[in-house]
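In the two complexes that follow, chain A is the common piece, with chain B as its partner first and chain C second.
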Partner chain A sequence: MDKPSPYFSNLKCRECGRLYPKQAIHVCDFDFGPLEAAYDYEAIRPVLTRKAIESRPHSMWRYRELLPIDGDPTVGQQVGFTPLVKADRLAKALGIRELYVKNDTVNYPTLSFKDRVVSVALSRACELGFRTVACASTGNLANSVAANAASAGLKSYVLIPADLEQGKVLGSLVYGTNVVAIHGAYDQVNRLCSEIAGKYGWGFVNVNLRPYYAEGSKTMGFEICEQLGWKIPRHTVVPMASGSLLTKLHKAYGEFARLGLVEDTGFSVHGAQATGCAPISHAMKRGTDLVKPVAKPDTIAKSLAIGTPADGYYAIHAMKQTGGSAEDVTDEEVVEGIRLLAECEGIFAETAGGVTTACAKKLIESGKIPRDQSAVLCITGHGLKTQEAIIGKCGEPRLINPSLREFEEQIYSKDAAADAVAA
Partner chain B sequence: MASIRIPTPLRKLTNELEVVQASGANVGEILTNLEKAFPGLKERICDEQGNVRRFVNVFINDEDIRFLDEQATAVKDTDEISIVPAIAGG
Partner chain C sequence: MASENSRLWLTYPSKLVTRPVLWELGKNFELITNLRQASVTDEIGIVSLSLTGEREEIKRAIAWLEQQGIKVEPVEINTIEG
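This part shows the complex of A and B:
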């Protein structure tokens, strides 16, 4: 048993503030409000300085005082510290002065930001003595739980909707996990998980381990600030499924400001969804925080297809409080977004990245993100996992024989002629 | 009587029972009758105004009552009601 962390003190209900011990529990007994990790910021302030952080290894664990585990991380020590790319060509294409891409398509080990949340959840699961871990997932979380559980020697079960992309299914199976595909949409998977979570003594990363899981997302925000030279970006565009990542990015910026690691010079957090499943964006546009569930999500952005978003309410408040907005885009726009990001920056994102890029385009066009300001796009998963979404939509290879004559006639001279017309 | 599945956080109030029975023509009546059998249960599920709390989902068989008639939704004896806390994404 590890000595309790001197920085991470309790779990606390976000609604009523009641305190709970740091166990595998996730909702308040009194009002069902989500439990959240609470910290002793006065104890953290003298320890977590810029200098201390900069001296540590390049992983998400360089901010460990602000993460909810007691001892040293035992799962996912290498996760995080992905590149923050200055995206000048995309900035020009979108017509904004300054733009960055936080590139979690290359997060270790499963190429999505979910490795951040899983690293925290499974490190805590080990501290709490779980030998079997599980999750409900739209794909990426399943991949990450499967991989990280394998490397930690934990048994795992991942529950997914039956209609996920091949790459996401295979990207779980390969690790030898138990993949259970469920007839139905993600919300039905979720509901089943919520009913079985307490039953078998498993650590369910997004059910009974949720308070630990959710905190992992903060590290994306911490890294963005540090990589910008200890600044909070003026605008951040974040994809939303349950709304947890957006809520935690907002918390991360607030914590860094509170600890004096950055100055709060004003920032806005914007949320992005696909129109075929946009319960949070639609509520935000209606000007309410009552999120109407979507019964039958219908979008190629399956990773974001959560019809009943648990943190929708908090995401709306984070956007409102920071002067941010929500936007949503059609499947065609998602594909255009994927291609634009790839062609401008050489980054191949999954559908959620297409959603973020396309929503950013709309937010800039509508003036919600002013053209003379600076923005960061959170690109959260790799495109190789969602190939179905763009197959046949990026052209085809041109087929020739291994002949110099054919190359000259069919490729080089045609392209030279086209270039001459374009010039 | 309809069966009601009780989520883990509420089982302290139902003597650890996972499934309980209650009568009532609609969801609202069932919640009121549940409160009589297990005092304290309703205030966990509903707020001061009597609305189902933001972080609670109530299903009849497989439908969220938010897609039906909320608490006025009719309930048959053969129906199964589930009370499910909202959970984070994936």
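This part shows the complex of A and C:
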């Protein structure tokens, strides 16, 4: 057993503020409010300086005092510190002065931001003595749990809806995890996962380990600030599924400001969803914090298709508190967003990245993100994971015989003519 | 049969806000109901409820609540992630 961290102090109810010990629990006994990690910031302040951070390896663990584990990380030590790309061509296309892309499509090892949350959850699971870990997921989380559990030598179970695409299932099976496909409506599968989590004494990353898991998302915000030269971005556009990532970016910026690592010069966090499953965006637009569940999500952005978002209420408050807004886009706009990001910056994002890019476009056009300011887009997963969404929508290769004459007639001369018209 | 406990969030549509659904639940099922939090407006009712009793009775009660038009979610709300 590791010595308790002097920095990570307790779990705390987000509703009533009651404190709980740092165990595998996630809900307040009194009001069912979610628990989250609490820290002793006065103890952290003298230790976590810019100089100390800069001297550490390039991974998300360089901010370890602000992560909820007691000892050294044991799972996913190489995760994070993905590139922050200055996206000048995309900025020009969207009509904004300055734009950056936080590129978690190249996060290690499973090409999505979920590796951040899973490495924290599994490191904590090891500290708490779990030998079996599990999750319920429609894709990215399942892949990440399977891969990280494999590398840590943990037994893992991945619960998935029975109708999931073959490619996503394969991305978990390859790591030797136990994949269990469940028939039934979303509501029934959701409740079964809760029961399984409660019954078997496993470390269920997004249920009984959720307070630890969710904190991993903060590292995306910490990295953005550091990579911007120790500044909080004026605007951040974040995809929303459960809404957790948005609330944790908000927490991350607040923590860095509180510790004096950055100056709080004012920032806004904006949320992005697909119109076919936009319970948080719709509530925000209606001006309420009552998130109405979406019974049957209908969008190609499946990684965001959570009809009952657990953190929706808190995401709305984070957006309101920072002067941010929510936006949602159609499936056609999602595909346009994927192509725009790829063609301008050479970054191939999954559908959630298309949602973020397309929503940023709308937020800039509507003036909610002013054109003379700067913004960061959080791109959370690689496009190879959702190729089916864009097959047939990016054109076709032009076919010729092995003849230079054909190449010149059918390709080169036509392109030269088109270039001349464009010029 | 061993007694089990289920922690649930119930979401009522506006047409059910005035109906004494929890009283009916208590009358119709052999379960201990324990209310933890509630928010009721003209538009929607949200209730956090703990149910204790036999597993099959809890399952029947959940099915009955859903038949009435109430959305029943586990305490975590969504356990399935992207």
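Everything that follows uses one rule, which is that the second predicted complex is superposed on the first by the 413 of 423 C-alpha atoms of A that agree within 3 Å, B and C clash if a C-alpha of one lies under 4 Å from a C-alpha of the other, contacts with A are read in each partner's own complex, and residues count from 1 in each chain.
Definition applied: contacts are C-beta pairs under 8 Å (C-beta built on N, C-alpha and C of every residue); 3 or more make two chains touch, one makes a residue touch a chain.
From a predicted model like this one, the values you see are computed outputs, not experimental measurements.
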Have a look at where A:167 lands relative to chain B and chain C in the superposition and call it first, second, both or neither. neither
When the two structures are overlaid on chain A, which partner does A:383 contact: first (chain B), second (chain C), both, or neither? neither
Given the touch rule stated above, what does A:141 touch, chain B (first), chain C (second), both, or neither? both
After superposition on the shared chain, which partner residues are touched by A:214: those of chain B (first), chain C (second), both, or neither? first
First, second, both or neither for A:190, with chain B first and chain C second: both
Considering only the touch criterion stated at the top, classify A:241 as touching first (chain B), second (chain C), both, or neither. both
Now for A:279: first (chain B), second (chain C), both, or neither, which partner does it touch? neither
Give one of first, second, both or neither to describe whether A:233 is in contact with chain B, with chain C, with both, or with none. neither
Between chain B and chain C, which residues of chain A are contacted by each of them? 15, 26-27, 30-32, 135-141, 186, 190-191, 193-195, 197, 206-207, 210, 241-242, 292-293, 306, 308-310
Chain B touches which residues of chain A in the complex? 15, 25-34, 135-142, 186, 188, 190-191, 193-195, 197-198, 206-207, 210, 213-214, 241-244, 292-293, 295, 306, 308-311, 313
Chain A partner, complex, touching residues on chain C are 7, 9, 11, 36-37, 41, 43-44, 46, 48, 62, 66, 71-82
For a test of understanding, state which residues of chain B touch chain A in their complex under the given definition. 5, 7-9, 12, 44-45, 47, 53-57, 59, 62, 64, 66-67, 82, 84-90
Touching residues on chain A, where the partner in the complex is chain C: 15, 26-27, 30-32, 114, 135-141, 159, 161, 186-187, 189-191, 193-195, 197, 204, 206-207, 210, 241-242, 290, 292-293, 302-310, 352
